[in-house]
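The next part holds the structures, each set out as structure tokens.
Okay, so subunit A shows up in both of these, paired with subunit B first and subunit C after.
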Partner chain A sequence: MFYIHQTSCISHQPTFHEVDLENLNRSDNNQLLAVEPKYSNIPIGQLRRMGRALRMGVGTGMQLLEHNQTDGIIIGTANSGIEDSITFLNQILDYQEGRLTPTNFVQSTFNAIAGLLGMITKNTGYNATHVHRGLAFENVMLDAIMRLNENPEHSYLIGGVDEISVRNYRMEAMAGWYKTEEVSNLDLYQTETPGSLPGEGAAMFIVNHKKDEAIAKLRAIQLLNVLEPKAIAAQLSQFMQQHLSDTEPIDLFLSGENGDQRFFKYYAACEKVIGPNTTIARFKHLTGEFQTASALALWLGCHFLQTQSIPAHAVKYIGDRNGLNRVLVYNNYHGEQHSFMLLERGGGN
Partner chain B sequence: MSKIVVTGVGIITPLGNTLRQNREALKDGLCALSSIEIFDSRYATLLPFGEIKTTNQNFKDQLNVSEPGVTRTTLLALHAFEQAITDSGLSAEEIQSFDTGFISGTTVGGMCISDELYHDANHNKVGSAYLNSYDLGSVSIYIQKRYGIQGITDTFNTACSSSANALMYGARLIQNGFAKRVIAGGVDSLAKFTINGFNSLNILSSAPCRPFDAERSGLNLGEGSAFLVLEKEEEVKGKKIYAELSGWANTNDAFHPSSISDNGEGPYLAMKKALEVAGLQPNQIDFINTHGTGTENNDEKESIAMQRLFQTPPAFASTKSNIGHTLGAAGGIEAAFCLLNLIHQEVYPSLHFSHPIETTGLYPVPQYEKKTIHHVMSNSFGFGGNCSSLVFSKV
Partner chain C sequence: MDKEAEKLKLKEHIIRYLNLLQVTPDDIKDDMPMFREGLGLDSIDSIELVVMLEREYGLKIENPKEGRRILTDVNSMMEFIEQGRAKQNEA
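After this line comes the complex of A and B, so read on.
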């Protein structure tokens, strides 16, 4: 459990400065690339060397670290600066392992985002990078929960970041993870084909045990591996029983449905467990699909709780709850890595 | 708080495929650094490496791996994982329990497959069998699926401290009640990516590395894997216990992406905080398995950090002089070596040392000897300023 105090987000939508989720940015060529800001908060000499993932991660992280002292930095990223990795690999093979400059190699180090944030802000505290594909950010949250259990006075920067690189896109597309027909993000959920629309982005949070003035409270999370839809539904039911009393209904079920018809059965099974009174909303048409999209789901959950509203294009089903106090997020990646997050408005009770 | 104890070990290094073989080789002061025979690289005969002389096909036969798309990194991890669970006597039921976690560290993952990756990323119209195997998570996800692991799974990449952090995370999952037992460790295999990356930084030595020597000239890359089974002491009645994982800490040096600060602040803080978690004073540490890569920067700064914390540091050595730097596997492999120090009450020689660094004047352990050891520390430092220390204690 922890409280979320400040957030920062870069995505395909305007989320970094003035947030506007009402006027949806359309996908472009079946992709939802991040709208990057100018990054006035990154030292210019460093910014020049950074690839997208580093820029997005350091940019969102610095937006929060400029105003907050933290006791550590915990980042989730499945691929970090994969464009730099493959650029370096190409140089190795194109030049038959000749002498290379180390820039792309150092920049593609997976813990470069957490490391640079620590270096720029002189933060000698805990510094971790989780890279477990579709559960990288969930492990970040679990790590933060444990760090705060161990050190209740501490405060941490946590976040999730991933980029679409041209070459990585090729490989994921060949593996069948993306739509092959042209689809707009507006129509993502109406498709009856496999694959989703790729996205990218970064979301960062300041978390601690201070209840006052918190945006939201993360009450619980659960991480699950390969399971059948029936078993996921049973786990969700148990998760809700364990963490919610009868007087604490779920107002919003935020679903990671991504238009890939192979995985629809998981979301359908969970919607059944949630029941007819809860509003259902989806977010992958805003963010696109990627390994750490759940970090953006957490950001959206916080935003909905804060503004007490959900953009109409995100709503799948309107329940009969008044107010927006509790959000349950369910996400899965490739149908193999699943997670639940239970989020509550403000400091909670 | 419950004690976290080690009940199983699995290991594969250039010194051997079992913990026993590794101990014999360490006792004899064997150096397994050599030319590359199996892996293909321009540097195969130009630089020494810690290569495991078993082909992928042999591993696949030994481990009954027949599906396509399984990389060498996964094969090394699978070897160590299987050994660890067998050694601890974990049943299939226990492995598949929601209370059993699996945490791995790796820096190269499936990127050891560079030719296929090159073609898939740039040219292929139809992908190779490895399309879903290049990322870091692919290694632990393969093992998770193969064994039906249901508990918390994770992959760390904090560069050269990855598997030390995986062990730390495993211990904390148990202490925080998220798991009853965790199989944790790490793996890396030789890869063109890392060979050429470290070479571009001019830190690969053309001779076997000389940790803490005044004339040291860089590190050698190696490959391997080790996994430890961590359990709560009260859950393991009657089982063989190797040692207690009593202390751990991770800090950041916050100085430079690829080198340690002049006063070794990150390493100093990691060692100091690990002692605090273990509830120990500096003078209670009997031996340190250092990070000791053999680079100009690391060995001097690590020495300075040890002198700041211990004044006169305890006996120490670097097993990277035997097998090279196994990157994401180093923390796990060196943790297994620390267990050998504790169980057998002995220390192994640090190789290729002749003269101490002028500014610090420290001498690593010169030869095999019996030694009374209650507490051992293991250091792992990585790029991005990442610094981790673990403490293992005799039970």
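After this line comes the complex of A and C, so read on.
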């Protein structure tokens, strides 16, 4: 458990400076590329060497680290700067393992984002990167929970980042993970075909054990691997019993439904457990599908709790709860890696 | 290719290899220092320039001490390229 105090996000929607979730940016060519801001907070000499994932990760991280001292930086990324990785691998072939430049290699290592953030801000504290595919960001949260249990006075920057790589996109498309027909993100949930729309982005958070002035409290998190929908539903039921009392209803179920009909059964099973009184909203039409999309879901959950409003285009079903105090996020990646996150408004109880 | 065209090509290579955002060949004066003041490059950039000379011109800086002099500015790099080509032609 920890409290979330500040957040930063770069996504396909305007989320970095002025947040506007009402006027939805449409997908372009079946992709939800991030709308990158002008990175005034990254030294220009370093910015010119960075690929998209690094720019997004360092840009969002710096927005928070400029105003906060932390005791460590914990980043989740499935692929980090994979475009630079592939460029470097191709150079190994093209130049027969000779005449290789350092930049693509250095920038493409998984821990480059956390490392650069540490170096730019001269933060010599705990610095870790988790790379567990669709649960990379969830593992960051577990790490932060354990660090804070051992060091209750500490603060950490945590976040999740991934980019759409041109080459990797082709491979993932061939594996059947993306829609083959032209689909707008506005129509993502109306499709009856396999595949989703790819996305990218970064979301960062300052977390600690200080209740005062917190945006939200992460009350619980659970990670699950490769389970049938019935088992996921049973796990969700158990999760709710374990972490919520009878007087603490879920006001919003934030679902990672992604338009891929192969995985709809998981979300439908969870919706049954949540019951008819809880509002259901979806977020993949805002972010697209990628391994660390759950970091953006957490950012959205915090934003909804802070603003006490949910954009109409995200709402799937309107429940009868008054107010927005508790959000339960359920996401799965490729139907194999599942997570529940229970968020509460402000400092919680 | 005349010398000015060669210099323009070299400046384009420098911009591309170092991903110098918002810099045009016209911004790089022939005698502008590459490091610290001037273009403000750093040690990683120097390695990129060494690789660029190898890849684009087939020229290797054998002695690291010479590297500092060769990479001083566009004029010194151009001089190194011309000398290297002359040696290549002799061989």
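The rule is short, and it goes like this: the second predicted complex is superposed on the first by the 349 of 349 C-alpha atoms of A that agree within 3 Å, B and C clash if a C-alpha of one lies under 4 Å from a C-alpha of the other, contacts with A are read in each partner's own complex, and residues count from 1 in each chain.
As a convention for this text, contacts are C-beta pairs under 8 Å (C-beta built on N, C-alpha and C of every residue); 3 or more make two chains touch, one makes a residue touch a chain.
Here the structure is a predicted model, which means the values were calculated and not measured.
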{"item": "Dominant contact partner of subunit A by residue count, subunit C or subunit B", "value": "B"}
{"item": "First (subunit B), second (subunit C), both or neither touched by A:Asn322", "value": "neither"}
{"item": "Subunit B versus subunit C as contact partner of A:Leu100, first or second or both or neither", "value": "both"}
{"item": "Subunit B versus subunit C as contact partner of A:Met171, first or second or both or neither", "value": "first"}
{"item": "Which superposed partner A:Asn79 touches (first subunit B, second subunit C, both, neither)", "value": "first"}
{"item": "First (subunit B), second (subunit C), both or neither touched by A:His132", "value": "first"}
{"item": "Partner chain in contact with A:Arg48 - subunit B first, subunit C second, else both or neither", "value": "second"}
{"item": "Overlap of the subunit B and subunit C footprints on subunit A, listed as residue numbers", "value": "99-102, 106"}
{"item": "Touching residues on subunit C, where the partner in the complex is subunit A", "value": "17-21, 40, 42, 44, 47-48, 51, 54-55"}
{"item": "Contact footprint of subunit C on subunit A as seen in their complex", "value": "44-45, 47-49, 95, 99-103, 106"}
{"item": "Subunit A - residues contacting subunit B, complex", "value": "73, 78-80, 85-86, 88-90, 92-93, 96-97, 99-102, 105-106, 109-112, 114-116, 118-119, 121-136, 139, 142-143, 145-146, 149-150, 167-168, 170-171, 174-175, 223-227, 336-337"}
{"item": "Residue ranges of subunit B in contact with subunit A within the complex", "value": "41-43, 107, 111, 114-115, 117-118, 120-122, 124, 126-127, 131-132, 134-138, 140-141, 144-145, 148-150, 152-159, 165, 169, 172-173, 176, 178, 192-193, 195-197, 199-201, 250-258, 265-266, 269, 382-386"}
